[in-house]
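To start, the structure under review is shown below, and the notes come after it.
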Amino acid sequence: MTHAFYVYASYGFAALVTIAVTAWTWADGRARRRELAALEAAGIRRRSARPKDSVGDGE
Amino acid sequence: MHLTAENLAARRGEDLIFVNISFHLAAGEALVLTGINGSGKSTLLRVVAGLLRPEKGTVIFHGEESLGGRDPGEVSHYLGHRNAMKSELTVAENLDFWRTFLGNTGSAPLSVEDATDAVGLSGITHLPFGYLSAGQQRRIAFAKLLVAHRPVWILDEPTAALDASADRLFADLIMTHLEKGGIVLAATHQPLGLRNAQELKMTGFAGVDSGIWG
Amino acid sequence: MTALFFRDLKLSIRAGGGALIGVLFFLTIVAVIPFGVGPDLKLLSRIGPAIVWIGALLAALLGLDRLFQAERDDGSLDLMLMQETPLVLTVLVKCFAHWTATSLPLVIASPLLGLFMNMDETAIGATILTLLVGSPAITFIGAVGAAVAVALPRGGLLVSILVLPLTIPVLIFGVSATYAAVEDAAPFLPPFLILIALTLFFAVIGPAAAALALRNTAD
Amino acid sequence: MSETSLAISKFSDLANPTRFLALAARAIPWLTGITALCFIVGLYLSFATEGDYQQGETVRIMYVHVPSAWLSMMCYTIMSLSAIGTLVWRHPLADVSAKAAAPLGAAFTLLALVTGSLWGKPMWGTWWVWDARLTSVFVLFLMYLGLIALGRAIDDPSKAARVSAVLILVGFVNIPIIKFSVEWWNTLHQSASVLRLDGPAIDPEFLRPLFVMAIAFTLLFFTLHIMAMRNEIWRRRIAAQRRLAARMASRED
Amino acid sequence: MTALFFRDLKLSIRAGGGALIGVLFFLTIVAVIPFGVGPDLKLLSRIGPAIVWIGALLAALLGLDRLFQAERDDGSLDLMLMQETPLVLTVLVKCFAHWTATSLPLVIASPLLGLFMNMDETAIGATILTLLVGSPAITFIGAVGAAVAVALPRGGLLVSILVLPLTIPVLIFGVSATYAAVEDAAPFLPPFLILIALTLFFAVIGPAAAALALRNTAD
Amino acid sequence: MHLTAENLAARRGEDLIFVNISFHLAAGEALVLTGINGSGKSTLLRVVAGLLRPEKGTVIFHGEESLGGRDPGEVSHYLGHRNAMKSELTVAENLDFWRTFLGNTGSAPLSVEDATDAVGLSGITHLPFGYLSAGQQRRIAFAKLLVAHRPVWILDEPTAALDASADRLFADLIMTHLEKGGIVLAATHQPLGLRNAQELKMTGFAGVDSGIWG
């Protein structure tokens, strides 16, 4: 096999891995953000984000 | 000599099991923890013994000799739900091991024979621990408290699986320890029949805490 | 502390089979390897030291994962954590007991195993010496894994994965010291000294890390 | 002790995940941009420069192999620092940092292994030999996988972080072995020619693309690390809120 | 019965990390061994199958000894003994679950391991085939040992004496069948058929003996 | 439907723990074993469950449908000192497993949710069993009796580690089982509060028996 094959194979593999990791991280982030939004929509909010006048519910 | 807890809080998973528990026990005093199943009695005892890190607050033991406080775990016996005995070894071997391993601090402890005698089982020290009945195992685990001296006893349901006569026997042993100036913390569902014991009723579930992530 | 040592020794002899497991396991390996390499005596004697070392490694790992888990399950660990004596010391003594029960017999049996593998006297002597010096390191490394296993409900295999890679340096120097003793070209002392250094290093790091892990997993 | 716990709560205020999230949101676009730029320049340089008279075209593999090999070690070093943060200061962001770094480290180590193999075949005539450098890198890869598995096997995140931290620190012995294995054993593998005390011993012709690529890979790592940390914080926040919601629901009736 | 199978599978996955762990463990051993023997590619490919088989043996044995002990310790064994379903069946299902959780992943990963050991395609294929056919036998033999360990609380020694020697024939025929496939001189089928016979034999004898031992537990 | 024991004797090591124990329980009847620690209560229960071979005598169960007697173990639930649950699995997984593994003989059993509800712990089925407190674990072990039907319940100190409210809850569940025509054998140190229960007082150590060698 030619040397070029090894060069392109390694660059190709490097591209594959970096893109896969990047895509996975990004997709994970999107999924998490969507889950947070869903929780927000369901009315569960973080304490720090809760408006001051609302009475703590059971804590 | 006294044991002081201040503003203790402990967490299991995400739940705070209790908050703001304080007590002060001087020599000869006992604290009995009661409460329904899962209310946090064992958790509190493990925090006092230093086996669980409290979420907040401190427990300190002040001895007679030294001025600074000590870690209560080091001066305590802990009798948990599990007996801390190897079922492959005989009763005598088990007790002998703990006697040597725990070492002797302060006043002279009982010998292995005397200790098994005190819990009413002197006849069966040659049997492997695993052969004993549930109640006999519990009694031997209690005998462990007698073979090495510790000023503080932390007892988690000491009388589980015991018959009525052993109940009384244990109560007497605990009273003797208190009279000699010891401190006892016990969690229990059945009245131990201790005189002048403080009582602390655990309620369980002191709130959800989402921690820093929420 | 001697009480703990003898208790652990007694337990592993009574319950685990201790010494014999290692030797038998080793014999099994030795019985199988010739099928792989064929009845080539010269080759066998060449790979002999390496095989003895690998056998020692694997035998030491058998049973090591329950070093602290058994104590946790019956509640003894709680009492050990509470004591004033430094936890590191307790861990160290438990390591010694485990080593005495499983690795020491292997060291003692290694001349016999060397004969099986058709090794000459120098090679056998070197194997014994390097095993004696190097095998405690494996136990110390394994103790870290065993302490971590306490945090897991039942984590035998996982622990071996985390621990085995770390034993590789020990294995390398043990084997290369043995070969150095046999072949005149290579000097014996440098790898042997490194092996000693590794054992001492892990004798410090291992129990300290194990104690740290035990303190942090208590519940 | 109550003073120290107060100090810790002050400290965790500084380590406030919310603050980290705000910081990350501002930094990530910039980092992404610079990383992309570096990669464009680096890739251009890698293919524009000449090949080696000895190694021919295959020297270009160096521009991905060496940075990923460096990163695989750097990532473990970062995890070790985080582990110290976890054990000594109980810093919650340190837990997150170590956990987020492990998969990235595994990926870069895999990259180093594969590109090294691809280089080894034309240079040494074999994909793989069991020498000190290659084996120690392989061990590093196994340790990354083991740490990922360990993190999944323990369900309490803070407990998992503490236990992993101990193991990360113990495993750090492997890093010097990787770095110096070529000097301690005579192996097939190239000995250090860039990161040396007496300056790089390599032709500047190769050095320039190598450095640009190294910077690009490092920036990529940091970008991904911050993104992964942010994901992990979100994950924990979601878990906490779910549990809160479940508790509230069961309390109400 | 499928409930039991999936429970055991779940337990070993949850506790140990399951398949991933098994493969990792195996990889580690395979990585350790060439280091001892040295980077001699020809030698490596020759002892490759033997090493893969030894790794499989060790991986199967780790954790197998507690197959019934864990059930005894928490009282589940009592309930299993009381059921109307034949105990042999229960034992068999537990064996299968253990094999699926620890040995099967190794069988699946063995091509990769073969590559690491520089083995050629025939050798790799033969290793997979013999492992697939032979490794259940190790589990069945181990189950007898595990049952005896429960019946005799202090019988640790006995177990190792019982189990390890019995696995030797399996190992020998497994390895020699693999070599027979590689070398033209030796016929592949006879040792392979013996291996199958061994597995079937132990599939009958193993669970039956284990069930017998469990019925006769001391208390 | 009835359970009959005739002239039972059992041995532990060299000692005969009891001899000549006979009883007869018809549908809806209960037998409560009492006695000091080590008197042989657990031993007798294990003999009835078929887990220990009796030295002499037989235990037979006669069902409604078949004429011949059956092995009592196969128609019994046994709740021993140990809980028979895996601490790695969640409560729901544990109960689900036993529900499927034990199978269903006769009348319809409760679902996992209903069973945990019956023991007052419906909220925590998602927790791993090992996280529960001692009393909660015991309650879940009892819930196991509800997820699969067995006419005979063999209970060894069912109320150990339980709080007072759970004591009553268990007594009610046992009474319900009896009213439906079940049979209950229980060893206990605390009165269970069952109506119309026979009582058998174990005395322990019925003599050394040199067996065929003497």
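A, B, C, D, E and F are the chain letters, set down in written order, and residue numbers restart from 1 in every chain.
We take it that a contact is a pair of C-beta atoms (placed from the backbone, for glycine too) under 8 Å apart; a residue touches a chain by one contact, two chains touch by 3 or more.
For reference, the UniProt names are A = Heme exporter protein D; B, F = Heme ABC exporter ATP-binding protein CcmA; C, E = Heme exporter protein B; D = Heme exporter protein C.
No experiment lies behind these values; they were computed from the predicted model shown.
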{"item": "Fraction-based call for chain E (Heme exporter protein B) against chain C (Heme exporter protein B), same above half, different below", "value": "same"}
{"item": "Label of the chain whose CA centroid is most distant from the centroid of chain A (Heme exporter protein D)", "value": "F"}
{"item": "Rounded Å distance between chain A (Heme exporter protein D) and chain E (Heme exporter protein B), as computed from the means of their C-alpha atoms", "value": "41"}
{"item": "Chain centre separation in whole Å, for chain E (Heme exporter protein B) relative to chain C (Heme exporter protein B) (CA means)", "value": "23"}
{"item": "Chain D (Heme exporter protein C)-chain E (Heme exporter protein B) separation of Cα centroids, rounded to whole Å", "value": "36"}
{"item": "Junction residues of chain D (Heme exporter protein C), two or more chains touched", "value": "135, 139, 142, 145-146, 149-150, 153, 237, 241, 244, 248"}
{"item": "Touching two or more other chains - residue numbers and ranges from chain E (Heme exporter protein B)", "value": "11, 14-17, 21, 24, 28, 31, 35, 73, 153-154, 219"}
{"item": "Junction residues of chain A (Heme exporter protein D) - those touching two or more other chains", "value": "46, 48, 58"}
{"item": "Residue numbers on chain D (Heme exporter protein C) that touch chain B, as the complex places them", "value": "1-2, 5, 12, 15-17, 92, 156, 233, 236-237, 239-241, 243-244, 247-248"}
{"item": "Touching residues (chain side chain C (Heme exporter protein B), partner chain B) in the complex", "value": "1-4, 7, 10-11, 14-15, 73-76, 78-79, 81-84, 218-219"}
{"item": "Residues on chain E (Heme exporter protein B) engaged by chain D (Heme exporter protein C) in the complex (per definition of touch)", "value": "14-17, 20-21, 24, 27-28, 31, 34-35, 39, 41, 44, 115-116, 118"}
{"item": "Touching residues on chain B, where the partner in the complex is chain F", "value": "12-13, 35-39, 41-42, 81, 127, 131-136, 139, 157, 160-166, 189-190"}
{"item": "Contact footprint of chain D (Heme exporter protein C) on chain B as seen in their complex", "value": "6-7, 13-15, 56-58, 208, 210-214"}
